[in-house]
Amino acid sequence: MSESVSESVERTWKDECGVVGVWNNEHASRLSYLSLYAIQHRGQESAGIVTVDASGEHRVQKGLGLVQEVFDDVSLDRLAGRAAIGHVRYSTTGVNQMANAQPMQANLFNGPVAVAHNGNIVNANEIKKRLKEDGAIFHATSDTEVILHLVARHHSSNLVECLQAGLEELDGAYSLTVLSHQSLIAARDPYGFRPLVLGTLKNGDGEKSWIVASETCAFDLIGAQFVREIEPGEIWWVDASGEHSIKMKKKRERASCIFEHVYFARPDSIVFGQSVYGVRKEAGRRLAEQDEKEGFLKDVDLVIPVPDSGVPSALGYSVQSGKPFELGIIRNHYIGRTFIQPHQAIRDFGVKIKLNPQTSVLSGKRVVVIDDSLVRGTTSKKILQLVRAAGAKEVHLRIAAPPTIGPCYYGVDTPEKSQLIASSQSVESIAKFVGADSLRYLDLAGLKEAVQGQNGGYCAACFDGKYPTDLFGLDRNPKGHLRGIDA
Amino acid sequence: MSESVSESVERTWKDECGVVGVWNNEHASRLSYLSLYAIQHRGQESAGIVTVDASGEHRVQKGLGLVQEVFDDVSLDRLAGRAAIGHVRYSTTGVNQMANAQPMQANLFNGPVAVAHNGNIVNANEIKKRLKEDGAIFHATSDTEVILHLVARHHSSNLVECLQAGLEELDGAYSLTVLSHQSLIAARDPYGFRPLVLGTLKNGDGEKSWIVASETCAFDLIGAQFVREIEPGEIWWVDASGEHSIKMKKKRERASCIFEHVYFARPDSIVFGQSVYGVRKEAGRRLAEQDEKEGFLKDVDLVIPVPDSGVPSALGYSVQSGKPFELGIIRNHYIGRTFIQPHQAIRDFGVKIKLNPQTSVLSGKRVVVIDDSLVRGTTSKKILQLVRAAGAKEVHLRIAAPPTIGPCYYGVDTPEKSQLIASSQSVESIAKFVGADSLRYLDLAGLKEAVQGQNGGYCAACFDGKYPTDLFGLDRNPKGHLRGIDA
Amino acid sequence: MSESVSESVERTWKDECGVVGVWNNEHASRLSYLSLYAIQHRGQESAGIVTVDASGEHRVQKGLGLVQEVFDDVSLDRLAGRAAIGHVRYSTTGVNQMANAQPMQANLFNGPVAVAHNGNIVNANEIKKRLKEDGAIFHATSDTEVILHLVARHHSSNLVECLQAGLEELDGAYSLTVLSHQSLIAARDPYGFRPLVLGTLKNGDGEKSWIVASETCAFDLIGAQFVREIEPGEIWWVDASGEHSIKMKKKRERASCIFEHVYFARPDSIVFGQSVYGVRKEAGRRLAEQDEKEGFLKDVDLVIPVPDSGVPSALGYSVQSGKPFELGIIRNHYIGRTFIQPHQAIRDFGVKIKLNPQTSVLSGKRVVVIDDSLVRGTTSKKILQLVRAAGAKEVHLRIAAPPTIGPCYYGVDTPEKSQLIASSQSVESIAKFVGADSLRYLDLAGLKEAVQGQNGGYCAACFDGKYPTDLFGLDRNPKGHLRGIDA
Amino acid sequence: MSESVSESVERTWKDECGVVGVWNNEHASRLSYLSLYAIQHRGQESAGIVTVDASGEHRVQKGLGLVQEVFDDVSLDRLAGRAAIGHVRYSTTGVNQMANAQPMQANLFNGPVAVAHNGNIVNANEIKKRLKEDGAIFHATSDTEVILHLVARHHSSNLVECLQAGLEELDGAYSLTVLSHQSLIAARDPYGFRPLVLGTLKNGDGEKSWIVASETCAFDLIGAQFVREIEPGEIWWVDASGEHSIKMKKKRERASCIFEHVYFARPDSIVFGQSVYGVRKEAGRRLAEQDEKEGFLKDVDLVIPVPDSGVPSALGYSVQSGKPFELGIIRNHYIGRTFIQPHQAIRDFGVKIKLNPQTSVLSGKRVVVIDDSLVRGTTSKKILQLVRAAGAKEVHLRIAAPPTIGPCYYGVDTPEKSQLIASSQSVESIAKFVGADSLRYLDLAGLKEAVQGQNGGYCAACFDGKYPTDLFGLDRNPKGHLRGIDA
């Protein structure tokens, strides 16, 4: 289920970005705004839109905050033009955030180019070092600037050729939208790590508008039709002469991020060809199957989700197990970023700002609590305490994914390995830490089956440690996360 | 389920207010802030807190907007003192809003007094007229000022005596918290229209703090213990000598607002002695029973709620009917008040800002859609269109309450009678208007049973037109709503 | 010279308020805005406008801050109507400021009434006490509310009669504008302490609009014609039948505030019948005459003002003495309220935020520094240090007014008596304290002559201690200032 | 005299920038803030500060607005470090302003470098074109980025060498401050177009801090000592080993901007070795000499300045002519950027928002009005109308500079040539246009003498059309102004 504003504050596993693109629509900036709004869950710290106006100039609006904080009617009107790209970002904290806000925009010898990027380039530091020795200037610390430099260094009047040449040098994850004064380009790395989808919309003139977005929920919101995925390794573009597509020379086995299904993507999106809601429900159903095999279910009274992200899996668990599904924990949706956190002194009273377990539902019951994943364990611990304090007799935690044991190097901001509780502790000891009477995870085979047999097509490195690329020393970075790295 | 910020914009039936009070706690302003935050759904247009500082002076912070917009760390620190009352309000629009913001505060001959009020006084205009002729000044249009004037006109050094004398003159709905330099008072009209509950909290010194609030969810959030309802007709107070209680002379048959259970209150609150979640689930169960009797259920594939308020009833319906519960409509929780609404031109594309029906769930299915109530019918119409566009083969609407036929005069901002679709149209014609293959309401008997046999104890005037008080001509007001009325 | 935003922060002697009124103009709110803007120097902490709209209802906008911070295009449009009053205020600090913001507005038995008040009622506490015992409610601590209550208690359908009856009970200073749904009223206490002037403007329909304001500079800004003073003890009003005037029964000898000429009023205003610029220049000329008589002038090189308020007097001194006038101190006009004050550590470097003495002008010179008044002496001390540090060989301070020895009880926020350096120290010791080689004040006779022989017509209590009214114990208030007093 | 916030809105001749630098002071960010504040008149649209923190990283805060709007206590604290540079800017309007905000910051192969630039590079477009063909990326349209690229392309580990090599390629105006992790650099083009001065301050540890700024008034404000100008063609720097200086190979005849003395610089600054106040006063004196020779003075009653910028010249005119100086026009210093401009309907009443001529001073008089310069003539026209409406019998305009006939290409934002009224019209016809009974300018010889015989040392191209550099086609740009140019 989609995430509210506030939850992001506590989440330890954050997607870095979402991207969109619009071509041939007089409302390009407003459609970008709405599309970014639909994928707000992919990045809540900054947002930006770049358009190309009638004179071929870029217009830019970027800022820190939610989509609705960065743009207003005035700025959307100012973003004139029939083509646009947009970006939402979970940015680095503190110092110099604005320099890294996207889309990143530049004037090259062949005109203005803007890029919006979701993902992480694993060999970015190597390339940066080389470019700097060759006189390149970097204003920001993000990988996106590397892409712009590689494009600028290839001498062709054909932007797509320059872009392809640049992308062939990269390794890692990138789902891009690119805007020049003549075209909208969408490109995806050969692994297909991050999602990127193509859609169309009939514009006001009865002509076809093209829409690109990270997730299909953006199409739903603006009433666009989903056409297909941008393929791994594909460079697709549309210009005055119509749409075109080429494939990159570099070929790789598909390795789409399984965690998009587990947690990131909105439940109402179709990601990598499948309904996220459906996958999560199936994962919950398989969790119940596992419990059935273990003979666990006979002594359970009810199933409750950790709202909102655990809801589909809990429904699946309920259907398979026949145990009643209840909203045992009510979530407060009003929390915004200006909420004044209570002092420790007040916190000690037992404040429940976000989640309120219902005594009337839980009292005296043997409860199965379903969550989508378990990263550090600290949040689960708090939740189980609340559930028990509301009178639950037994509290059993079920996770609709395998234990997370490794950090991500492909565009997800994960805690360092040492903070992934499952990387160093047994299931029993985790159960003890979080205060569960029992704890069980969905096994990786079950999760892969829930995503319907595309076993070879997914990267599950966070669950099995098998990274599809060379890591270029990133795994020796003690911090274990990739944001803000610069040589 | 609790309401998000944005939904209030469209809702046509709004509770006017929520109140809180805190006594004997060094964090009085912050506990008030958190408590108001928990009852934010009762009023999102203005918020205020008044404290009494060490020198016996009132400190006041009021403003337009959500609780988290009105207060910040600086203002909460400035609101020094160990006692406080607070208020959230659905205020009148446009002109002079701030003058009506609460708590209302005044300096009387016996010191400073502040009042926070939830409800509506039906004989306020009569009393105002009399007081003005006697030289009284009214700065605002709200009923609350009438209460202050009545207190001021009774010559006793005992504030509770003055208050009681004043309240005996009133007819209508009031749940009050009152703060002087010496006491915190809570009072409720003899009908008990609006909720008001009492709780305690151990403060930092190990002593007992007292908390008063409109709903128990405020206690849950701050970790307070629910003690009991303030009784209809009770004046309760706490001062340096401890807690006290008296009963007003005026006696009335209890007439608590049944709509609190149907829609207003948070599902995790205990209201009028019962779990709101439980009542709603039971209402849904009874809806399914009705359908069973009609032989309707055999041709249904699944049950979906209108999120979030229809969820508990849909769960109850699912349990009783055995039909699977699905989140067929996903709700976007990010929408805030700064969201830029799309132009009509874009809207025509079929924009779905708030609710996104899932084709993967609904396609080809015969669907029962459950909502808590149906007022004008326009929102239901849009939702059913979306559900049908997502591929549902049949769409049946079930309402977990009776048809709403009359406006409320007891503190709820309702549309005028002519806009209540059920006041003039048959169920069949409403079904046609909203585009439902069938429409059925829970009957009033069923709803009253869902609130467990307190039949005599509820006001259901909006469903049956039986108003427990004289209306003093208010029913002849063509606008049919009560806000901002002044002779 | 008019004061910039920032100077008010340091000023120790502040006028409490300025008032305006507009009648019969479709741009009433905008003319009020511009008029308040012209008298911004009279109050920079809050501002407000009340209009009467076409339906006879008041519309109100009040807020903390400068005129341009409180109003915007939206609020000025919302303030519909052809009649308005407005107010700027130097408000109390800290607690509950908004409750005292003006105009104060109320609904009386004979309709809505709003009042804007400049001045201070010396017997307000006595009257308040009596009214409270009679059941009156006070929401604020200001005197203005007393006026509203007195009006409300007089039973006549004629608002002017009620107002006159109320005003006859008051003692002290008041220049009022009052707005009902039928008339605009201007009234001034029998002493004529504070200024109040009447003007006209041709409106868009070719008819006459009426304007009332504290100072004529408001007329200049909006292009209105100055007609005359509202007389001491006069109640003037305009309604559908034209303009009217009556005199109060209470008669007093005129006692207009001489400090308006010395410091408060804008130099381009005509106050109490005379040009403020002219009076100040004449005061400076007389200062030079005094110095001539003392044989002081022969050893002086140049005359410099403390900018901006000392400029006219320095020009007068220069003309009389024949000594060159130079802008020896340059003032920084950019300072606004959001300026971050430097830390003490930086301050120690010798920071000169506001005033920069010019070494190229002052170096090696014997300098006469002219200021309008000297209250605590601390600001003068800093300025003289700067002048000396810029190389001045001798620094002589001349004050274009007598020593200030007493606080004001008639609407000026003065420091308590003990902080008025001249109340306890000799001129020699003050000269030593401020670091002047010599110090001389204009004597009271000279100042009175500068205001052209209206000797009997001025209150100079701050210079001579002769208070024209009974003080009702206010002089026993240890704080010596009047803001926020409440029994 | 320094300019207030609002006047800039109307001014047609704007300096593009001001720069500062601080080295070896624990309060580096706050000293930069105060220094920028002192030179706020040089740019009011954006402001920025970059510091180097203890770890050698840049910290950046930039924003649109005044210095006091861009920074607050939090941001100044965040700007940790003992070295800083800062910038204020009159930026381009509308599109993409933030990308051009300065200081501009980049990561080069030899570390982070930030640049703040005042001036305009006349061959920037030629260099940009070449760099782009070589693969360089430009994010902004400003010349400053060219400088960064030239530095990046020179392969030396010595930043000063790289900078010198880059600067030798430039033609035009630049006064720079540059900050790396190891040094603070100040550089000035060989013509010395724009000012740049060096100062010192004893820091808290008793050691010497270095300060660089556009004008000496920045030193005055923070209590720093003026040491000397940075020489034309000089590159000065300070690092751990102390201060250093080299001269560029390119030699040019000095051509400092004479308009800094006429209008731009603050009167309390020492610019190009002379007091600005002194130069302006002398210019006024020479204007009076001219009038004496013409026998004009006998029929004049008084001299008034257009405030504030005409004040020094009017004082000089008064001294020479013996005619009395009066503040005949009072200026309103409160106007800020949020002021709501009156509608045309109100404007027609004769609104005088900013300048209020005093009838009491002007009525019946023959008046000489002194202004610093005359560009389009439209502002002068309005002012003379006001003066005449206030009763002046004759109004004679005197300009303390020659007629402005050519646009500036060296860092001043001027109107295009066709809008410079003196470029196409005779003095008589200008006099008629502005409504003066007579008009006279100071001749160029007189102005050059006022700046004390450095005739060869000044650029007066705006007065005589003699541009010291090749213009690289800029004079063929139809718009006649240089902002935002990009190939």
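Order of writing sets the chain letters: A, B, C and D. Residues in each chain are counted from 1.
Methods note: contacts are C-beta pairs under 8 Å (C-beta built on N, C-alpha and C of every residue); 3 or more make two chains touch, one makes a residue touch a chain.
Owing to the predicted nature of the structure, the values given are computational and were not obtained by experimental measurement.
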Maximum centroid distance from chain C, chain identifier (CA atoms): A
Roughly how many whole angstrom separate the Cα centroids of chain C and chain D? 37
Taking each chain's centre as the mean position of its Cα atoms, how many Å separate chain B from chain D? 60
Averaging C-alpha coordinates per chain, one finds the centres of chain A and chain D separated by a number of Å equal to 48
Chain B residues counted as touching two or more neighbouring chains: none
Touching pairs - complete list by chain label: A-B, A-D, B-C, C-D
In the complex, go through chain B and note every residue touching chain C. 57-60, 62, 78, 94-96, 98-99, 104-109, 129, 132-133, 135-139, 141, 148-149, 152-153, 155, 486
In the complex formed with chain A, which residues of chain B make contact? 1-5, 27, 30-31, 33-34, 37-38, 40-41, 66, 68-69, 71-73, 76, 201-202, 204, 217, 220-224, 266-268, 270, 275, 277-278, 308, 311-312, 315, 319, 324-327, 330-336, 338-340, 342-343, 345-346, 349-353, 356, 358, 360-361
